[in-house]
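Same chain, two partners: chain A is paired with chain B first, then with chain C.
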Partner chain A sequence: MDQAISNQDMKEVDAKKIKELLNRRKGKMKRFLSYCAHCSLCAESCFLYMKYKKDPRYMPSYKVIHSLGTLYRKRGKVDRKCLNEIKGIVWRNCVLCGRCYCPIGIHVPSMIAFARAVLRSQDIHPQHNEASSESWL
Partner chain B sequence: MVDFVQGPLISIAFIVFILGLLFQWIQFFRLTRKKEWGHPPLPREIKPEKKTAGKIVASCLTSLKGTLWKTDPVLTVVTTVFHVLLIGAPLFLLGHNILLYQSWGWSLFSLPEALSDGLTLIVLVCGAYFLGRRLLVARVRAITTLYDYVVLLIAVAPFLTGFFAYRQWFHYETVMMLHILSGNIMLITIPFTKLGHMLFFFLYRFFLGGEYGFLRGARTW
Partner chain C sequence: MIVAERKPLDEIKEMIKTFKKVLNVGCGGCTSICFTGGQREVGQLNEDLENALKQEGKMLRPDGFTIERQCNGDFYPELDEIANDYDAILSMACGAGVQFLADRYPSKPVFPALNTTFVGIDRDIGWFEENCRTCRECVLGETAGICPITRCAKSLFNGPCGGTSRDGKCEVSKDTPCAWFEIFKRLKEQNRLENILKIKPAREWRNQTRGTMVHEDYQERYAK
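Now for the complex of A and B:
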């Protein structure tokens, strides 16, 4: 397992592949991202936000902006450190329960799921030994 | 410059606004051609229970508890009033309708000037509330960028300059030019910026399949 983690950390980021994946769903995802009014009204719909004393990092919009939003903003040109930060957001801070509500109608779960897919393409995903009491596993 | 702002720029702004919205509308339907019933309508043989008027009102009031009315009633009221007036107040303003009549020979119904002035003030107060939220509420601040302030300014500037112009505060000609310019900027930017949620709110909530849709839409991305 340790070997798997070290492989995750060592492997070079394939920016071209990330960009190709991002372009595949650009029409939908970029629209979702650009029409988010940053109103924060989605916050209370996330049980993790409520559980963690209303920590803004658990807001659905925060998670999307700092994961998929970052990937699109940087056009896929990200390093492994950045991808590992996104990994924490999309796996540890979100359980993809699908309960998030956006008044404009933006579908947050599909964006988090897509960010996960992009990360998986770079062999970045949670390992079993990363589980903790507040983990996704 | 003044002639351009008060003349051709208005036509350009309206053309960009209408064509831009049309383009985004077409793109939306092109991207959501695939249909899938996530929440299918009831089969014909199962007829929904007939409700009396009282039951309908009661069920509406109950379902409101599951909406933002419960979690943030003040913001719900402010945002509803702001968005309604953002479109309604300029459309039924006497000054705008006189210009419309002079240009095209027809106009819409006009509200009394004092009422329009009051509605403009309400829009400005709502705008100040949004600005205050962005500056003071931690969770809003966490996702706020400079772009959000610019968008808020674009939305509020025509009302602020209109409010000044009506009272003839500052240099009238300059304020009027800024009013027309800010109105044009707003029209041009709506289809291509965050302000486009004006169109997408209806498209998402009415046509896309989803639990929170107003209608049982079936379109999927």
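Now for the complex of A and C:
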């Protein structure tokens, strides 16, 4: 584990900043989250879902519900462990290729990108050793 | 992937020093992967700039903000909210990202903090090699997957030239393999040596003009 990761893990979470960010795009993002009908039609448009033998954790809907959805559900009051779990979902499990398809018109990439922006505000982002070892784009 | 390198600090400093509020925008795409323009590098550059400007008696520390791709409008909404608060924007994306950013905020001076170097591959961690010049006339099928435009010092289309050494090195440097020697070896291994005898006509160098590509499936959508 390099120095940057340990710094990342030690830094205190600024819940106020997270909440402020979440509130800024609350209307659109919460609408997207509530529109999801759990139809799973987005699943097969994700190449990672197909690559990992249809592991449900790679379904685009799963990824937004367990990242941005979690942040809204907890109203930004999350600890670093939770943020690190979300980090895995939005960076390792999604490469933001933008190919996911939702029949209702939910724009999944913008939601993942927004979750990444929230994490970036807490200085959480892939480190060099992660970026080159897996698909942490 | 697009590979870039940071410009010399003095050059970046000169570009921004007359402004009061500067935003340094990182890119979470290619320049993050090649360790030159991601969130971490944004922080590092801001610190370097602050220290360098302090020595000249100027108090300026750019703020940092990283978006996932600077070459795609879908990832700009968060930046749109804050961009107007700044006098100038520094971009740590490739040349394409810088131009997209400049088009997005036409009233703001936008400056590149990186030099875009090439389209390349990851040979190992932190080791990148140029393998494609995006010439738009790919001949890799005939050259056994080795690009003569990129890997031959003269970009010869019909090689090798007379400068290949006996051990297959280029006359430019004895550490540089001759691309055409490598092509010959691989074609021989694949039993396709007849390919090397084909005379290829002069190229059109179409990559000297600006390129636009609309995917076949989307041509109807964007038809004028």
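By our rule, the second predicted complex is superposed on the first by the 131 of 137 C-alpha atoms of A that agree within 3 Å, B and C clash if a C-alpha of one lies under 4 Å from a C-alpha of the other, contacts with A are read in each partner's own complex, and residues count from 1 in each chain.
We take it that a residue touches a chain if its C-beta (ideal position, glycine included) is under 8 Å from a C-beta of that chain, and two chains touch if they have at least 3 such contacts.
Only a predicted model underlies this, so the values are computations on that prediction, with no experimental measurement involved.
> Counting only touches as set out at the top, which of chain B and chain C does A:96 meet: first, second, both, neither?
After superposition on chain A, A:96 lies in contact with chain C alone.
> Which of the two partners, first being chain B and second being chain C, lies in contact with A:24: first, second, both, or neither?
second
> Of the partners chain B and chain C, which touch A:44 in the superposed model: first, second, both, neither?
first
> Is A:73 contacted by the first partner chain B, the second partner chain C, both or neither?
In the superposition, A:73 contacts neither chain B nor chain C.
> Please work out whether A:128 is in contact with chain B alone, chain C alone, both, or neither, and reply first, second, both or neither.
After superposing on A, A:128 lies in contact with chain C but is clear of chain B.
> Does chain B (first) or chain C (second) touch A:116, or do both, or does neither?
Second partner only, chain C.
> Residues of chain A touched by chain B versus by chain C: which partner has the larger set?
The larger set of chain A residues in touch belongs to B.
> Just chain B (first), just chain C (second), both, or neither: which does A:107 touch?
both
> Just which bits of chain A does chain B share with chain C as contact spots?
25, 107, 110
> Along chain A, where are the residues that touch chain C in the complex?
Its residues touching chain C are 4, 21, 24-25, 96, 98, 107, 109-110, 113-114, 116-117, 120, 123, 125-129, 131-132, 137.
> What residues on chain B touch chain A, complex-wise?
For this pair, the touching residues of chain B are 27-28, 31, 68, 71-72, 75, 79, 137-145, 148, 193-194, 196-197, 200-201, 203-205, 208, 210, 212-213, 221.
> Where on chain C does chain A make contact in their complex?
28-29, 32-33, 35, 38-40, 66-69, 72, 74-75, 77-78, 81, 122, 125-126
> Can you list the residues on chain A that touch chain B in the complex?
Its residues touching chain B are 25, 27-28, 31, 34-41, 43-44, 54, 56-57, 59, 61-62, 65, 101-107, 110.
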